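Consider the two complexes below, in which chain A is the common component and chain B and chain C are the respective partners.
Right, the complex of A and B next:
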């Protein structure tokens, strides 16, 4: 196999190695290079991730600190910043422009918003994704293009129109109104995800279920739905986070304090003109992140499936 | 069990006619293969039988009852797909039990019948596995068990062997045939593989472009092809089809062409009557005999290519502008470009009309 050159130089050349020692020397060099390369990659990645990781670490440290000097350096341990969880009435907090509503009311509103969005998106996208994947109807291509365009449309440009629409429907100031808006704007994406998952299931399996004696509906939920579980998990997670993290729509459509969500609560604490209570802000910020972190922790697997696209048998 | 009749069965998709006036009658317990190249409409015909597609025209009758409008779930059909179409999220047991659960059978009956069906195809030790953990052959057996467990009126097999490797295919061919005989179940096999059709089926329906070309036993199709398409499709290597001229020399009928001069046997000549002009001559590779060049052959040509197959060799010979394929016994030493002569068979000479392609005698 190996092409052996009769007169090899003292330092082995990779094209003309001769002895076992030469081979060992070449192998050592390859190992050294691999180690050096790997070290360089890890160092570069670590440096690149610092700007992302440090602020989070700062936020968590600040939420348990007595003081934050110059708005930058946390010091001294305290749980006082977390008092918003158990003190019913925070009263005047430096930085806020009035009284804060009860945190648990706010959490409840946020959960309703996130869960409501999830339910609508999952139910509609799963049914519609199946239909679009399996049925050929008039203007199917036009419908899909339109849905794609809607997704490309920045929702913010619709703020005024949506405001008028919600006022007409008497849904201003209600979480339900915002649920409808967020779910609608994100449905195209979820629809395409679910269409992709249904596209991945061969027709044969569905035909087989029909021949085995199932009705179309029965085949859909006993044979097809279990195979798109990962897709449902992924869009459920996304839509929960869309609802949980939305800021611009709740800010615009919810004026009444009793309907506030976490985003508005945090916004109020950051305030506009005065001193900021950095400790309190950090604690609320960390609290706000918890559901997102939990969600990511438990649904990573589904998310990974998304990038792979579809299910496998 | 059922007698199945297809009458004038037609399916159009827009302007495309996938199946065109198919007539076919299956006796109770008969095994018929729908054979043809891909796109010939055989799978469309099968899906109409299963109730997935509705016929555009024509009738499907099970035991003399028209079932055109019966949805698939009410047809009592068992079907095995090329992809097996097992439900990946269910165990083997649940896959086989699925049709029975849909019939709301009591659970002890389901367990008993699933075990029976599994034993029939020898997968009783795999019932707890998922389809993804099985080999192709095992998946195929699960698909068979699932199709048979509900004791269907008929069994439809859509290219059931094409995803298996060559050895397993031969095994499953015998296995499916055994099951079909044992259960006496009316069966339709869709395949593009003539060997599968010839070895397994009682009768073969050969389709092309949605139209039935010939319906008959494997011997009928091989020895009495109805037209040039059937003649060229059945048999490996395929029959050579040459154009020649009918001539009468000294009261005898002779086929003449560039490099060939074949006397037509008297009984065949008698049935040709006064026909003259061009005809298509069909020669089976195993019927032609290679002779040394310059001998008493009826065809002269040059060897184009020699393909060794082990037991025998496939020799392609150029005769004039046409090519004759010959099966030569092991030991044939001819090389490409060498001249060679050939003897045409007396008995098995196939003659077709050059315009319509239909068999003349």
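Right, the complex of A and C next:
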């Protein structure tokens, strides 16, 4: 190994040059330390995540098991816990709450709530997002600042007033009222997501459509809309889940059994069967979770960017 | 900075009634947004304040009582306990989980290959996506006071008697239940902040002999100070106003021992039907939310957001 002659200011030579074996040994030591460090991180992460992983595994296992021994180990495969899907009367323990509504009626209500929220959020936010991205109008800055503040504002604090308002508008006990409330409270967020997507489209694309003689509206839906379909997809999925998973608003605004959603159904099941039939509760829970799980599995990779893109858009 | 559109004046030589067309355009694109926002956002906010001045009750009878509800706060025997619960709940959830655990997760998942890190981050996002009642069900099973719950199964293996965790420490339960959800937002934001720390800084520190701890303490943390501040402010507001998981898991009990302020509003107004007094309580939260929202735009580079649009102006 040739010696390197340094030409700079003399540095005190603290150690002689290493041989190849020394370098290899150093590299091995560094690799060992890295492996040890990484193993420690993996172990810590796994231990920290156990309180989340274990309950979900239990939920799925319990929903298909006859018995869950020691609160943990499932045994005896059965579909009996899923009987709420085909048995009309589940047989109440206390019998005081009356009968549960039909599960398919409940699923339908939940779908109407989720789909209704999605349609309103997507249509209204796409229209408004385009306009604030492309057009100037009087008090545009004030409008945007107001919308931004509403986005930060915790809508749940308006619950009491919304209850009185819906009662006045005769929208209590209807899914439509809940749809309007949930959709509106999320509109500012969706507006900024859509504005961000419209801002990202080069002006030339729209310009060329206008020069070719397209009207403003036509340019909007034939040229611009296809460009923002990722944004539309993102807010559509989010608003579907907001509607599907909501608990407080349906609890407050819907008292009639025939308008119940999955949240209220599962809540009633828990109220009746707690300590008695974990299998049934778990099965209803898994059933209720299916859309969330699908969303989770399909968008898991993009989820980080979406959540952030949303708040930062 | 208005860009003119020459093409339009060619296709439309004499612009017919431009003002009316323009109004129609605004009404079409912004109308639905403004209408919904005013009816279900602005009006309820004002209505909360107005209702707070009445003694509207469950039979929807009541008159204007002025500021009596607000003066009544001082005489409310439950309020001191509720406020104490709120402070403890917000502080510990924020520090231990929303910021603390979020930071730990972000730091750890960025130390390992990104493919594996993403899996762990996805696991932590799962509770946030789970329907609220299902997530609560998991906890009801976890803390089940009989010997069949998960916690008491573990205790049973160690030869310990079953424990009713909710009665034993209601604060602990509500902090953990909300913390496992809240940690994920901090985790996501901190992760992207840590990833944007220039690799050179970390290499340079390492060459200078800094340990991993020192790199985190003196290189990474100072550089992500801003996202941390953002998460603290944003999550404090979120924690102050959310209560659905507490309602579902402990119901605010035993007695009022885990009832936080926002849940107290819900109990008084919706469960008891004291709409007037409940609205007065809620109005305090509306004010807090409005003040916090005033500062919100500073975090989001508002100047960039309102840059002039690309087409045209009035």
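The rule is simple: the second predicted complex is superposed on the first by the 257 of 313 C-alpha atoms of A that agree within 3 Å, B and C clash if a C-alpha of one lies under 4 Å from a C-alpha of the other, contacts with A are read in each partner's own complex, and residues count from 1 in each chain.
Convention: contacts are C-beta pairs under 8 Å (C-beta built on N, C-alpha and C of every residue); 3 or more make two chains touch, one makes a residue touch a chain.
Predicted, not measured: the structure shown is a model, and the values here were computed from it.
Once the two complexes are overlaid on the shared chain, A:226 sits against chain B while remaining clear of chain C. When the two complexes are overlaid on their common chain A, residue A:20 makes contact with neither chain B nor chain C.
Of the two partner chains placed by the overlay, chain B and chain C both lie in contact with A:211.
Of the two partner chains placed by the overlay, neither chain B nor chain C lies in contact with A:47. Of the two partner chains, chain C is the only one touched by A:58; chain B is not. The larger set of touched chain A residues comes from C, when the choice is between chain B and chain C.
When the two structures are aligned on the shared chain, A:162 is found in touch with chain C, with no touch to chain B. When the two complexes are laid over each other on chain A, chain A has residues 207, 210-211, 213, 311-312 in contact with both chain B and chain C. Interface residues of chain A, counted against chain B in their complex, comprise 202, 204-205, 207-215, 218, 223, 226-227, 311-313.
Within the complex formed with chain A, the chain B residues making contact are 47, 50-52, 71-73, 75, 77-79, 81-83, 85-89, 98-99, 102-103, 131-132, 146, 150.
Here chain A touches chain C in the complex through residues 37-38, 41-42, 44-45, 48-49, 51-56, 58-59, 68, 70-72, 120, 123-125, 127-128, 130-138, 140-141, 143-145, 147-165, 167, 180-181, 183-185, 187-188, 191-192, 195, 203, 206-207, 210-211, 213, 216, 241, 244-248, 252, 262-263, 266-267, 270, 274-275, 278, 281-282, 285, 288-289, 292, 295-296, 300-301, 303-304, 307-308, 311-312, going by the rule given at the top. By the touch criterion stated above, chain C contacts chain A in their complex at residues 2-3, 5, 7-8, 11, 25-26, 28-30, 32-33, 36-37, 39-41, 43-45, 47-48, 51, 56, 60, 101, 104-105, 108-109, 111-112, 116, 118, 120-127, 129-134, 136-142, 144, 146-150, 152-153, 156-157, 180, 185, 188-189, 191-192, 212, 234, 237-238, 240-242, 244, 247-248, 262, 265-266, 269-270, 275, 278-279, 282, 285-286, 289-290, 292-294, 296-297, 300, 302, 305-306, 308-314.
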